[in-house]
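Written out below as structure tokens is the structure these notes cover.
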Amino acid sequence: MSRPRPSLGRWRLPVGAVIALVVAFLIILFGTLIGPEGTIQMTLGRGVQLAETQYINALTVGALYALVALGYTMVYGIIELINFAHGDVWMVGSFASWWVITSLGVSGPITDPVWLVIVLILAFSISMVATGVLGVIIERFAYRPLRNAPRLAPLITAIGVSYILENLIENLISDSIVTIPRPIPNTELNLGLFSIGSVNLFVIIMAVALMAALHLFINRTRLGRAMRSTAADRDAAQLMGVNINQTIAVTFFIGSALAGAAGVVQGLYLGYSQFQIGFYGGLRAFTAAVLGGIGNTTGAAIGGFVIGFLEVTCNVFGYGKWSEAFVFATLVLVLVFRPTGILGQQQGDRA
Amino acid sequence: MKYARVGASLAVLAVVASACSGSTASPAASAAASGAAASGAAGGPAIAVKVGIELPMTGGEAPNGVPTANGVALAISQIQVPGFTITINQQDDALNGKHDPNTGAKNMQTLANDPQVLFVVGPYNSNVAQAEIPVSNAAGLMQCSPANTNPGLTQTWGGVDPKTLRPTNPDKIAYVRTATTDDLQGAAGADIAFNIAKAKTAYVADDTQTYGKGLADVMAADFAKLGGQVVKRDGIPDSTQDFTSYVSSVKGLNPGFVYYGGVTTSGIGLFRAEMANQGLANIPLGGGDGISDGAASVPSSFLQIAGAAGDPNTYSTTAGPHDVASDSTPSATDLATSYKAKFGTEPGAYTAAAYACTQVFLQALKDVGASAGGDLAKLREAIRAYVADPSHTYNTALGTFSFDAAGDTSQKIVSYYTFDPSTKDWKFLQQRDFSKNPLQ
Amino acid sequence: MTDTRRQSPSGLRAVTGRIGSIAGHHQSLTILVGLALVGALLPLISAVPPFSGFGTQKDWVGGFADAGVFVLLAVGLNVVVGFAGLLDLGYAAFFAIGAYTYAYGASTFTGLQTPFWIMLVAGAVVAAVFGITLGAPTLRLRGDYLAIVTLGFGEIVPVVALNADTYTRGTNGIVGLAQPNAYGLFGITSFPITNPWPWYITVLGIIAIAFMILYRLEDSRLGRAWVAIREDELAAASMGINTISTKLLAFAIGASTSGLGGVFYAAKLGVVDPTQFHFDVSFTVLAMVVLGGMGNIWGVAVGAFVIFEIQHQGLKQLGAFIQSLNVPVFQVPVLGSVDLGGINFLKFQFLLYGLALVAMMLLRPEGLFPSRQRRHELHEVAEESEEAAEDTSEAVKGA
């Protein structure tokens, strides 16, 4: 049963997004202004200033989750597998970027713009290729042999692969927090209406650019079409001459490469990595993918930002320790009213 | 070096692990055994006994457990008890890379089932201790924790009587500890904030874990008692990845002091680094012994993660005296030297405490070892009774102390440290003896 | 369908009727004899090398009692995942609820001293109520959406236990839980902490009862309704099965088995705290079910036992075992000299566990002991799921 769509038509999504962004800002502003006893704890001007900072924080971490969520959603879209190892691919990506950055001798902010660009290009390209290849290897050895097995079998191998990756990094690189030097100098850029940290701006632009590139790739290229057709009906796609194995491998490559990019972002923005970040971080990203409507790349991006906002909002109101429960409670509520997520296709009773 | 890390080469597989190779006697322990056997001057064959070790040895918590376990191995290799050969029965309470109470309780059963085990050093984590105390109590096997600081393990805390942890023999304690409790370190944190950093307002956070929350709760209460104001009491889960928004809210509150109860692995160093990143490095930050884990040169220590921005206004405390020197026991410096010679790394925060726990056992064995006439079950009980007796004093690597009737150390000393930018290490500030000089 | 609604009470009545007539039935006898045999033979392992070197018989029996908890969890999850085909990733929540129920019922925290045997029933009932509460609003979700909702619930429960400290003592946990009382049977009153035998026999008894009930259910009208729903929900609904109440019952029964495990676990450990119920427990139990062979109660139990022993004994003892073999140091071209006895296997236990999971799934994707009928069905499901992929055609298209 499809619901009648509002007359907004194709503007529905952008208008909704703008309204959501404004509402989110007002909520954060409210939380910032109100102190623990329900009193107003600062002037409006200062409150707006701080709320802006928190808003940018939310957007930035949301972009990070969104990049990871894309990989979950792409893999789910094409082989209906919850790829629990994906969070750990992200973690491996962050260690790859740590390796690149420290091997280049970077120990702090780089002031020379040319060198900075070279470092960033190297970090992104090496991490993305490394994790992309890792994703393809995982798919080849842990999932492909089980493609026609019971549905839960690859889920268990995914959990197994996750343990393997974590343990390897733990034993071969570090069993604790590893700091990653931040090459981008942290300056406040004044954009008129509000100011934004240079790192935050870079992360958000990078994430949006990668998402736009993915969108174009899926919709405008031959391989993208193959991916869509494989997701729609694997057998039919095969009959039409699509190389299924290759298409799935490409999907894993791209999804994992995006996780690699997220790993670099982790280092640039948060400045550290640890062998267990893929576990909880991956869980949040996966939640984002489901919240947005799993299998839908735009949904995953939206879900990532929503999770980022939920976390920051919780903390602004002083309930940071409840943020995890709050995120999941929101997920349950959203799914109760929209059983396939924010942008998911309504299934109706087709079963 | 606190973290017994493994190099990134495959040759690693061939490295012989020192004190953490399986659950039987370690090579270090066997070496100690032969030394003791040679000096078995008491006549007759030496009796083989074991000291149990129950610590997290794998996963993210190996950096806590391994140097602590090595402290035990070091002690039995250096101190001999005539008539006994002492080896180690080592257990690991980490499951899925984290300490696990059920595994701890099971390990305690295993140790209790090994008749040669007369004494146990461990555990590291208070919630593991909660599950182990009923077992050690039922088995009459004395355990000494070098690191537990949760007051509830020995004292009435949060309305719960510690006797409920000892259902089998409520009045016979089989658990002692060398660390002072969180209530003292929390008080020390308040003392630092109010009297040393001269702060009137504080932002108090914890990592929502037993240790961190207990510490932060006490600090917040004592800070208010001293006349300060807690502007926000936050809980930052240890699974938190992104500290930026927490730091941004600190920016908004602009407190005079930030106190963070928790351990480095929960991300306090990252919080401090983020404070510097957002231009808040001028706000002093304090924490407990969970962050006094070595100089900035130690990988993954608080100071290393907090970064070069580290300021003189960063404070930590440890649950014990700064250094003790005496004739009969090695000072902290001697201990560090011999530790380094034996294991090739720097000792951990609780190496000396584990060494002291072992010294308690060795003294008890020396004094009552002959009384049981080789009956291990009797000997186990004799040692339990000896250590539980508050009249005995011990001269150890931590100084001279005794255990009170509840099993707490008589030492109520908390040492204060501050970051020294020139050495990039913690610098000893002062120590406060809370038994003589309580807060207020 | 007007009569779908009437289906549920009659299904329920059938269940309670069946439960009442369990005694004396021949299948129950098989279960009893089988479990008694297993229960008698298992402790003998402590006399067989190399296992004899890993610990005393008491160690082994104590370990088996802990394994029993996971057997209960696995057979309970098997009802949800194996019988009804609903993927539940937050099963540890019900385990936690059972454990906390015991903590409320028999500790100084509340001052209540309800006997363990009553609390077993109470734990099962409370867990079932939570199962229904979670299931009622969410069971209309399709497959993997349900999975993530259960995963979320599984995380919310420990977060609440951690942060609502007024009601749960937060991170300190609730301590000093009472031991079960045998009222002088076999000379035992309060279960001794250091003697694992009473615990072992008790958990065997609980498992036996759970097995009998679950086998009954599997063969009942309800069991067939679960299979029907698992195979084709739409067809099942049009055959007059009330899909919602049938799924709810699966959730409730699965949760109550977990609740039993939670009560026993809490009583044996004597303390509950929030760190013990995170989703690594849920994942482990799911791995047990899948590895054992979904849908096959005995298979799942064996899977639980095998994984538990690998995790808690096998990996920890591997190093000691290899040391005891005294393999000489040998030379490998690239690596140089390799001393197997010197490898610290404890550090690599998760690598080995992960490898074991992957290898076992690759070798036997259906699990160790799939029931023949189910193996066939599962393959069909796998093919159907490809059809279902159609639903996500927008997957990539909608982007």
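Going in written order, the chains are labelled A, B and C, and every chain counts its residues from 1.
FYI, a residue touches a chain if its C-beta (ideal position, glycine included) is under 8 Å from a C-beta of that chain, and two chains touch if they have at least 3 such contacts.
Computed from a predicted structure; not experimentally measured.
J.: Suppose chain centres are the mean of their C-alpha atoms. Which chain sits farthest from subunit B?
T.: That would be chain A.
J.: Of the chain pairs A-C and B-C, which one is connected by the greater count of C-beta contacts?
T.: A-C
J.: As a quick test, compute the distance in whole Å between the mean CA positions of subunit A and subunit B.
T.: 39
J.: With chain centres defined as C-alpha means, what is the inter-centre distance between subunit A and subunit C in Å?
T.: A distance of 32 Å separates the two centres.
J.: Calculate how many whole Å lie between the centre of subunit B and the centre of subunit C, each centre taken as the average of the chain's C-alpha atoms.
T.: The answer is 35 Å.
J.: Using the touch rule from the top of the page, what residues of subunit B touch 2 or more other chains?
T.: In subunit B, 6, 59, 62, 97, 208, 235, 237 touch at least two other chains.
J.: For subunit A, which residues are shared contacts with two or more other chains?
T.: Within subunit A, residues 166, 170-171, 321, 324 contact more than one other chain.
J.: Residues touching two or more other chains, restricted to subunit C: which are they?
T.: 159, 162-163, 347, 349-350
J.: What part of subunit A is in contact with subunit B in the complex they form?
T.: Residue positions touching the partner: 32, 36, 41-42, 46, 50, 53-54, 57-58, 60-61, 64, 166, 170-179, 182, 186, 269-272, 275-277, 280-281, 311-312, 315-316, 318, 320-321, 323-324.
J.: Looking at the complex, which residues from subunit B come into contact with subunit C?
T.: Subunit B residues touching subunit C: 6, 10-11, 13-17, 20-24, 57-59, 62, 92, 95-98, 100-103, 105-106, 109-110, 112-114, 127, 130-131, 134-135, 137-139, 150, 152, 157-158, 160-161, 164-165, 167-168, 208-210, 213-214, 235, 237.
J.: Sort out for me which residues of subunit B touch subunit A in the complex.
T.: Touch residues, subunit B against subunit A: 3, 5-6, 8, 12, 59-60, 62-63, 97, 208, 232-237, 239-246, 248-249, 251-253, 264-265, 267, 269-270, 273-274, 277, 299-300, 304-305, 307.
J.: Spell out the part of subunit A that touches subunit C in their complex, as residue ranges.
T.: Per the touch definition, subunit A meets subunit C at residues 73-74, 76-80, 82, 142, 145-146, 148-157, 159-164, 166-168, 170-171, 214-215, 218-219, 224, 227-228, 231-235, 283, 286-287, 290, 294-299, 321-322, 324-325, 327-329, 331-332, 335-336, 339-341, 343, 345, 347, 349-351.
J.: Quick one: in the complex, what on subunit C touches subunit B?
T.: Against subunit B, subunit C makes touches at 55-56, 58-59, 62-63, 66, 107-109, 159, 162-163, 169-173, 175-176, 178-179, 190, 192-194, 196, 265, 269-271, 273, 275-276, 280, 311-312, 316-317, 319-320, 323, 334-339, 342-347, 349-350.
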